[in-house]
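One chain, chain A, appears in both complexes that follow, with chain B as partner in the first and chain C in the second.
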Partner chain A sequence: MSELLFNELPRPTFRWLRVNHTPASLLGESEETKSVLVKGNDAIISELPTGTALINPNYKGANDVALTQLVNSAEGYAVHVPANANEIVGIRIDAGARIASRFQFIVEEGANLEVQFFLDGGLANTTNVQYFNEYDVKANAKVVVKKVNLLDDTIQHIEHRYTKLEDNADVEYINVEIGGKENFLHYEHDLQGQSSKIVHDIAYLGNKEQKFDIAMLMSHGGKKSFSDIHTLGALSDTAKKSFRGTLDFLRGAVASEGAEEDTCLLLDPTVKSISLPLLLCKEDNVVGNHAASAGQIDQNKLFYLMSRGFSEVEAKHIIVESMIRPIIDRIGDEVIEKAALTAVRNKI
Partner chain B sequence: MAELLQIKDLEVSVEDKKILKGIDLTINKGEVHVVMGTNGAGKSTLANAIMGNPLYTVDKGSIVFDGNDITEDAVNDRAKAGIFMSFQHPISVPGITVENFIRTAKSTITGENVRALAFKKELKEKMDELSFDTSYAQRYVNEGFSGGERKKNEILQMAILNPKLAILDETDSGLDVDAVRIVSEGVNRFHNEDNAVLIITHHNQILQKLKPDFVHVLINGKIVKTGDASLVREIEEKGYDAYKALA
Partner chain C sequence: MEERKKTQVADMDRGVYDIKNNFEYSYIADAGLTEEIIREIWANKNEPEWMLDFRLKSLEIYNRMEIPNWIPDISGLDMENIYTYVKPKVDMKENWDEVPEDIKSTFDRLGIPEAEKTSLAGVGAQYDSEVVYHSIQEDLVKQGVIYTDIETALHEHEEIVKKYWMTLIPPTDHKWAALHGAVWSGGSFVYVPAGVQVDIPLQSYFRLNAPGAGQFEHTMIIVEEGAKVHFIEGCSAPKYDVSNLHAGAVELFVKDNATLRYSTIENWSKNMYNLNTKRCVVGKGGTIEWVSGSFGSRVSCLYPMSILNGEGAHAEFTGVTFAGEGQFLDTGCKVVHNAPYTTSNVNSKSISKSGGAAIYRGLLKIGPKAEHAKATVSCESLMLDEISQSDTIPAIIVENDNVDLGHEAKIGRISDEAIFYLMTRGISEEEARAMLVRGFVEPISKELPLEYAVEMNNLINLELEGSIG
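Let's turn to the complex of A and B:
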């Protein structure tokens, strides 16, 4: 496939900055195979037929061509959580083959859903793992999604995720992104409901030639809606990270509040970290905060740790691990947490 | 008494600015030394230079610890040799619990495997002695701790790592009266004939519970006067202005 433009900014900035999008081609063979395990209450899980309509027909994903192709060709899973029910769904993607899949979650009023999303594996040759997650979170429902990516470094990993939040819907997303060769992550969260709330935290750790290309749009439509984005991680060797975070306050989003923060630890001078926090506002009475920081290891922290006997290398490991660990600790599954920590320790 | 630390003609600069201008100091096992002085006199620089902070450059002189010249040694090698520094502003280490941090540090310094159950017991005992809520053992190091809790955590680490020389850099600053008393008692419990304590301070609150053998007045990068514990009272009465002419 020819070159595509991934994760385009909702409002482009100067072209010469070369940050409006990321050009890339879909990698791997064209044959599509499912290797996805979905576990949970069978009564709420069903097949999602190819071509099923999107929750938001206007959602373009990381790239609209790639997403359209996925929707028109891939089967997937539908998860429908009845009102006031409490459910846990586990999804494991083993990238032993090219993956193209789709997951559509409809969480009815007052229901609670936790999704544990785990990706690992890979092939000797570069291949593509692409999937589309949609969440329709009805009034007073709560959704927690914990995703851990430990894919091999041969994988081009593309996630499209769209969320619609109704009144008082409460969503918490946690991503631990450690694996993958190229990671294109596109998140669009539509806070339509009054007092709807979403928190999205992403921890990443990149080395060698890894790429993390993250786009996040928080679209505030409902009154008193609240969003908080926090991405943090570390890069070494020639790894690259791009973060395009947009807080969009639409007309009617009175008394809404949004925040975005991107923190990147640069472990080598050859890494590249791009951060584009964007604030769009059509409503007066809102609060939008953004912060971005990229820097090398704090020498005072290094001195403190070394004064407790740790060598410089050990101290740097502790600093990197200590950045990511608080997010890993929130996964809540001991086996997955341990696997993630081992992956972190193997990389630094 | 056996000599533990010998500093000779030490000159130290930070970013090309000379801070210490020829320090001579000898500390023997079993002794408590206090360095007092005005803000900016070089007290914390002395502590950092002994611990080996690479941001501080030794231009001249030597530091001999336990018979070995450590002037060029890395920070962690000094820690393994038995030097501990309680920081004026302890940093936080999110993601690592207090228990895990101290246990790993102890294992690194001693080179021995520290057994979990025995360590838990020791940690609880030491925390109880410091009136330190034991639930903090499972919290991330200094994350969300108050100033007093951070200082207690420093003294807790000192008690468990059991160094030969403990340097307390402004440990009493920012503490209320009760916290100063608890910290002082912790230092008293730690101190014995085989180790030594170097206290860096600019006020005497912490010295009401700790009885120093030697008090040094540091002004403008030089030790201008050394005396016994009575010097603390003299400083209190005369202020530091009386010593500035000696620098």
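Let's turn to the complex of A and C:
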């Protein structure tokens, strides 16, 4: 396939910077094999036929062409959580083959859903893992999604995720992104409901030639809606991170609050960090904040740890791990947490 | 119900800025942009041959370049109807008494001759496409400081001008840089020799009186090693029913250990498309300080850029943008760190009201060689009503690990509690709101020369009048 433009910025800026999007081709062979395991209450899980309509037909994903192709070709899973129910769903993707799949979650009023999303595996040759997650979170429902990406560094990993939040809907997303060769992550969260709330935390750790290309749009339409984006991570070797975060306060989003913070620890002189934290505002009665920071490991922390007998390398390990670990600790599954921590330690 | 007092910007009295003179000129090029017009401008200005080649090449680039896809809507600007060159009815003078009365009155009302007497070391005044007045204090001339209009510099210091001419803003940079290269006229030239400290500011004021005209002044400032200067630029125009265009270029060269402060208040009328480009390159240990106020114009695209090429170079940007009804002010700044131990601070504030849009667009780039670079960016936006727009679009690119970088932005509105508190102290709601807005921009206004700080406060009062509904 020819080159596509991934994660386009909702409001482009200076063209010569070449940051308005990331050009890439879809990698891997064309043959698809399903290697997806979904565990949970069978009564709420069903097949999602190819071509099923999107919750938001205007959602374009990381790339419009790639998403349309996925929707038209991939089967998937529909998860429908009835009103006031409490459910846990586990999804495991083993990238031992090319993956193309969809997951559509409808969480009815007052229900609680936890999703554990785990990705690992890979092939000797480069291949593509692409999937589309949609969450329709009804009034007073609560959703927690914990995702851990430990894919091999041969994988091109593309996630499209769309969330619709009704009144008082409460969503918490946790991403631990450690694997993958090229990661294109596109998240669009539509806070339509009054007092809807979403918190999205992403921890990443990149080395060698890894790329993390993250786009996030928080669209505030509902009154008193609340959003918080927090990305933090570390890069070494020639790893590259692009963060395109947008807080969009639409007219009518009275008394809404949004915040985004991008923190990147740079461990080698050859890394590259791009940060585009946009704040778009058409409503005066809102509070919007964003912050971005990039830098080396704090020399005082390093000095302190070395004064306690750790070598410089050990001290750096401790500092990077201590930064990412609070997010890993929120996964709540001991086996996955241990696997994630091992991956972190192997990488630093 | 009490009738609400609402200000209509179209009816707003902008005081001295809106007083227009009769449209008189000694020469005017045809409207539009053709090779013949470029040749006419060149011949009229008696420029060297290389400048004609430069102008024609720029026109070629202009014709093949696209309008950037990210800028605000400029569909109201029709180049076919813009007069690119309007020569006023007077040549440049060094005595205000020799300047025609109506033009002199314009600058009198703007306070330029008075400021010259009290607080400036040199003054330049441009009217439409040409500089009509220029002066500099004798002691500065003796120290080797050159402050003149760019046309005179092109004749008397051709080698210097040619060496630096559009090297920082090449015509290939963007469509309006190419347009500027083709039709530029007027502007100032400043040369400060090594080690010379110019303690009192120099000021150029650009006034566009002609309806439907463009102003394309070129400002070139070279501050040699260890020298220091403060340059003030003011711009205004009366309001017309037709579109005007401003596509100036400012090229600043700050050498090792030199310091330049560049202060601007842009107060164009609201029929103006302000597509201006400003750029500065800074050598080892040098400093550039931008102080910028953007008030007028229908559309503005203005992002002063600092390129820190020398070790330890420093850039400081302090800017305020105030967008009212019908205005789309897309402003900000760019800083590129190319050398070790470079530092930069950006402090930007914007206010939008009555449906105006204030956009902060910025770039902070720390290149692979800029080890130990330190940079901070702070953007604050204030929205005064629910029909306005305020966006922040920053780009932060870091290409080495040894940096210390922080960026913060906030959007919000005036706190009701603060207004309530001031009203309990006997202050009217309107005045309370104006006080809070003035307080919001105070960190910027205190950096401006006094008369410009007063002008900015007057502009804020003018913009806020009757906005409490």
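In this text, the second predicted complex is superposed on the first by the 348 of 348 C-alpha atoms of A that agree within 3 Å, B and C clash if a C-alpha of one lies under 4 Å from a C-alpha of the other, contacts with A are read in each partner's own complex, and residues count from 1 in each chain.
FYI, a contact is a pair of C-beta atoms (placed from the backbone, for glycine too) under 8 Å apart; a residue touches a chain by one contact, two chains touch by 3 or more.
Source: prediction; values computed, not measured.
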Counting only touches as set out at the top, which of chain B and chain C does A:291 meet: first, second, both, neither? second
With the two complexes superposed on chain A, say which partner A:318 touches: chain B (first), chain C (second), both, or neither. first
For A:300 in the superposed arrangement: first (chain B), second (chain C), both or neither? first
Between chain B (first) and chain C (second), which does A:169 come into contact with in this model arrangement: first, second, both, or neither? neither
Kindly classify A:326 by the partners it touches after superposition: chain B alone (first), chain C alone (second), both, or neither? first
Contact footprint of chain A on chain B as seen in their complex: 51, 53-55, 74-76, 78-80, 84-85, 87, 90-91, 93-96, 101, 104-105, 108-109, 140, 157, 161
Chain A partner contacts - residues on chain C that touch it in the complex: 68-70, 334, 361, 363, 365, 368, 371, 381, 383-386, 388-413
Within their complex, chain A touches chain B through residues 298-301, 303-312, 314-315, 318-319, 321-326, 328-329
Which residues of chain A touch chain C in the complex? 11-15, 17, 19-20, 249, 251, 264, 266-296
